[in-house]
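A short write-up of the structure that comes next.
Note that the chains take the letters A, B, C and D in the order they are written out, and that residue 1 is the start of every chain.
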Amino acid sequence: MLKVAVVGASGYTGVELLRILVSHPDVEICCVTSRQHECLPISQVFPSLHGFCDLICEPLDVTAISARADLVFTALPHKSAMEVIPDFLTAGCKVVDLSADYRLRDQAVYEQWYQEHTSPDLLAEAVYGLPELYREQVAPARLVANPGCYPTSIILGLAPLLKHGLIDIHTLIADSKSGTSGAGRSAKQGSLFCEVNEGFKAYGVAAHRHTPEIEQELSVLATEGVQLNFTPHLLPVNRGILSTCYATLLEKLSSDELNNLYREFYAGERFIRILPGNDLPNVAYVRGTNFCDIGLVSDQRTGRVIVVSVIDNLVKGAAGQAVQNMNVMCGFQETLGLEIVPAFP
Amino acid sequence: MLKVAVVGASGYTGVELLRILVSHPDVEICCVTSRQHECLPISQVFPSLHGFCDLICEPLDVTAISARADLVFTALPHKSAMEVIPDFLTAGCKVVDLSADYRLRDQAVYEQWYQEHTSPDLLAEAVYGLPELYREQVAPARLVANPGCYPTSIILGLAPLLKHGLIDIHTLIADSKSGTSGAGRSAKQGSLFCEVNEGFKAYGVAAHRHTPEIEQELSVLATEGVQLNFTPHLLPVNRGILSTCYATLLEKLSSDELNNLYREFYAGERFIRILPGNDLPNVAYVRGTNFCDIGLVSDQRTGRVIVVSVIDNLVKGAAGQAVQNMNVMCGFQETLGLEIVPAFP
Amino acid sequence: MLKVAVVGASGYTGVELLRILVSHPDVEICCVTSRQHECLPISQVFPSLHGFCDLICEPLDVTAISARADLVFTALPHKSAMEVIPDFLTAGCKVVDLSADYRLRDQAVYEQWYQEHTSPDLLAEAVYGLPELYREQVAPARLVANPGCYPTSIILGLAPLLKHGLIDIHTLIADSKSGTSGAGRSAKQGSLFCEVNEGFKAYGVAAHRHTPEIEQELSVLATEGVQLNFTPHLLPVNRGILSTCYATLLEKLSSDELNNLYREFYAGERFIRILPGNDLPNVAYVRGTNFCDIGLVSDQRTGRVIVVSVIDNLVKGAAGQAVQNMNVMCGFQETLGLEIVPAFP
Amino acid sequence: MLKVAVVGASGYTGVELLRILVSHPDVEICCVTSRQHECLPISQVFPSLHGFCDLICEPLDVTAISARADLVFTALPHKSAMEVIPDFLTAGCKVVDLSADYRLRDQAVYEQWYQEHTSPDLLAEAVYGLPELYREQVAPARLVANPGCYPTSIILGLAPLLKHGLIDIHTLIADSKSGTSGAGRSAKQGSLFCEVNEGFKAYGVAAHRHTPEIEQELSVLATEGVQLNFTPHLLPVNRGILSTCYATLLEKLSSDELNNLYREFYAGERFIRILPGNDLPNVAYVRGTNFCDIGLVSDQRTGRVIVVSVIDNLVKGAAGQAVQNMNVMCGFQETLGLEIVPAFP
């Protein structure tokens, strides 16, 4: 049994990690931490966990945790994550970091969008944890930077087109819509029920911090520098991200040809489902699961391809992908604990 | 492997049965039927099932199905269910019926609230499938009548009080609120998003068909005839029933005493969670699972006890309980396939 | 033109007062206050008001405000309200107080449920502002205590029965469900979108502070001391309260007879709509308006009457009723500014 | 008093027309029609109207209606509208048509996207009823084609840029999201609460019927043929459309410069609110009103402008704009009956 700790367990990403991990046959959760709820059972913080995980929330003590844990999930805000991760690594733990601290390879870019980086030396070692693209590198890694939720949906949606050089990289637009759990569990007025319900808005237009992460990975795929417009919106649903991506095709390709190309690109990938024909995905059909469903249309009139990809932001966009990375890092079957059937409705 | 058929697979109860059954280790789904979607893969009807269950919807042919299936779940409307169940039984299948057709033991009562009964002889044989109360009878049964969603929440909420004779049976009130999936998947104006969203109403006041079912079971518990007021309301959520039950206590008992009494009554019951102290349940914390969470308060001022019980109407109120019954009928561990952790939020 | 100030304008009750008042033909809003948003235009706090009310939020300075305002709406938390109201009265302003500070006539009861009262002498003078019951007293009042949202729905629902002595006062139960705006606009974790959406729960069972207010007014109607069980629940909608009230009838009365009795009792009341026949109300049909819709059913089997009443908690349960009181106090037509047609859906 | 008829009153557009018209000081509603609810009071179909409009639903008899009505609103499906409109015109009524039948000037385009046109001669006469662009032509018109909801949001959002020739017309993308009332009130499975709630999807990608209408009007503004990608999505809210529009700027212009340009373009337009600074609109802040709120950002990195516009699809996207057109056609003040303050939350 792999012993894992969930550091920062009282947020939505934390509880989702626990939901998945308690059903994982080869994992034992040995520790959960929460500053806010120290000494409370995590099942009192989240009654959903009652009877599944009744551990007491501990303070974040690296020495105490690393003495027990083989692998640590850090579900902390950026900056807080990099304050403890180097010590966990030194103590011999593997780390899957769900914050943004090790996702950007370029320290300067990180510091432009976030703040000073306190362990820049680890940036080169950290592996960007999108297994569909970096499985080989994730397997031996000590430190995996779990991708952002928006980036996961956009990168998986555009990878086949960029890898095959089929689109004009100067025409990329990603119009994304995220459920409200992406805003976290801290008490902010903007996240109140009455502020979000029956509302819809864009935010962070041309200024969202996920932009450099998306561009970094799209540039790797295109093997040249890619810039895009990324526009996030806030959806009045608990879970789910849908990204509608636009690009101009360099050659005429039908919807069917593109659909086939996507199927080949993602052949064997359990968590990518290319929808049949002209079907388009719905966040409702991946809820609670690690799937990324993709549909696409080639518009002959305008010469553009429109790719629509959906994920559950808390699963493939966070906790599920983190467990998928853990599976790869620890030599488990990649889908272990993640064969969850979506509950509809 | 037990071979099961899901008859009437294209409703919300049907898809929920499939969601649970595809993860059940000792079950093989051999057949799904749908008149409306005949010849379509069920995973096209419900893309959530894509890759988990891609069976083609068949017509409802008892002979063809009973040749393959050991046990049949009938997720049909009342009246349609009793048109086929006798034949399934004759053909040697076990049946778990999710309709109302075999829940009422008294034919006259059935005919007063529904219509003529076409196989009244089976009413005596059918077992009311609430395993927490009727486990012994369910085990050897050929035909189990799966309880209604409202009745499940109310009967489980009141059983300890009635069994112990602690309340005045002339004072019973059950004020229940159900998510919209309880109204089914047929296209009715009253179930449209814009009619339900941001709305809330009572319906069927003093006239709902679940009333005689509730009274039948409460009367068994009380060993005398019980009448109650049952008031259903329509909640703008997909899943969940919360029942707030009121009764006058015959003797002074504190909340703590009652809480302990409930814990004893349901000791060892995996799917009943009595909340600690004065905690009150929330439908959000049982979503997608077979749990019934119960909280209660004794009001010293008025002498009443208020019991609040919640279930997921599609799981403990339908498909989950049906699988629980199947487990009992087939000698499987009762919780098999039902150890689902609630996803929150 | 009556000059009015809205003290505490940045909550949901505050913005609702402004929404209604800007369309009132005989009112000029001369001042809005907000500690949190001091110096900001209120239309930046609430972009919905842009072009309708662009006043700058002021600090709460009684002298400065009373120099300009004829009437003050205090939309402050309890305790904060009674800290300023005596001074507004001394300065010659009329006051409609939306807090709980002057609703209870008995100082001891107030202090049992809230805290020490700092101007108990005003309790005798304050008029309980339910115009349908206290119109005569509201008209000449200096200080009107605007009723709570839950009490408004329950008192209006039960008044005809109690006034006519038709029910056993020992059998009263009010099971109420409120939209989330009732929890206010302050940033609390329990009011976050993801905590409320797709959830439903009871809270404050047998312990909610509106209980003594409800019992006070029901006792006046019954001319004897009434106790009841009041159970509030949190609905995942922005606006609306639905109260389902139960009581045992002292004599056999049909639904029709009771319906007629309600029509007579509320004859001429513009804001009370008794639904025809057995129709039951829906919060969706009073949204944004000052209406209280009532439906009822007499259950011959159990001898109980079930009354269902709905209001918009922010309008008839707060701001609308406050404006109605202002109209009565200032000799305007009672419906002025309140002839709002519900927007459906 | 202008006498108006609402033909097709039992849909969401119909009830919204009635909501607005009953408060219009210079209008008398003389007739409502509904085939489905013939002989029922419209206030029984929509209890929200109780006490405001209790007219009986009539059959659609042109002779009977035109004998009483000066102006007719046709809130019928396309095809049904053009079956009666020529007769209403012949009978001397003015008509505001809320269907798509007279929006496209080119008969061939209409027939390509819809079906055969049965009164193509009227296409030249019909005026496209977007008063901000066609006020002069609307004033004397007999027949006004009320714009579609999506087109209204997109055309108003892009008009200043196209009129000033500031963007590359080959780069236009409109990513739109609409509330569910846009799907109408007919009972379709895809519009059920459980299908829409907690879901989000794109539909009609590169194939939606509003595309030619949008392109027609953008081409007029650009004075050359414009094609765009228009992608509609279904939002789980009752009301509201948000369109996120992308275009490449032909010259470098800052967000401030563009914001000023929009303010000038729409100076004096009561229903267009250009948000200050970098503020972005939210459908919640225009709910129930005739406003179109617009925010925009110039992205210096990519050279694109992102324009976000929001409307209430039932008001500025349908009934409100229809009343605005009526006001212009009948010489009333354009804002009469439309000075509605948004209710938030």
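Basically, a residue touches a chain if its C-beta (ideal position, glycine included) is under 8 Å from a C-beta of that chain, and two chains touch if they have at least 3 such contacts.
Quantities reported herein were computed from a predicted structural model and do not represent experimental measurements.
Among the other chains, the CA centroid farthest from that of chain D is the one of B. Should one ask which of B-D and C-D has more C-beta pairs in contact, the pair is C-D.
In this assembly, the C-alpha centroid of chain B lies 39 Å from the C-alpha centroid of chain C. Separating the centre of chain B from that of chain D, both taken as means of CA atoms, is a distance of 45 Å. Rounded to whole angstrom units, the spacing between the C-alpha centres of chain C and chain D is 36. Residue positions of chain D with contacts to 2 or more other chains are 12, 181, 194-195, 197-198, 236-239, 281-282, 284, 287, 345. By the touch criterion given at the top, residues 12, 15-16, 19, 22-23, 44, 46-52, 181, 198, 238-239, 273, 275-276, 279, 281-282, 284-288, 293, 339, 341-345 of chain A touch chain B in their complex.
On the side of chain C, the complex with chain B involves touching residues 171, 173, 175, 177, 194-195, 197-203, 205-206, 227-229, 231, 233, 235-240, 242, 244, 246, 278, 280-284, 287, 297, 299, 301-302, 304, 306, 308, 310, 345.
Touching chain B in their complex are the following residues of chain D: 12, 180-181, 185-189, 191-198, 236-238.
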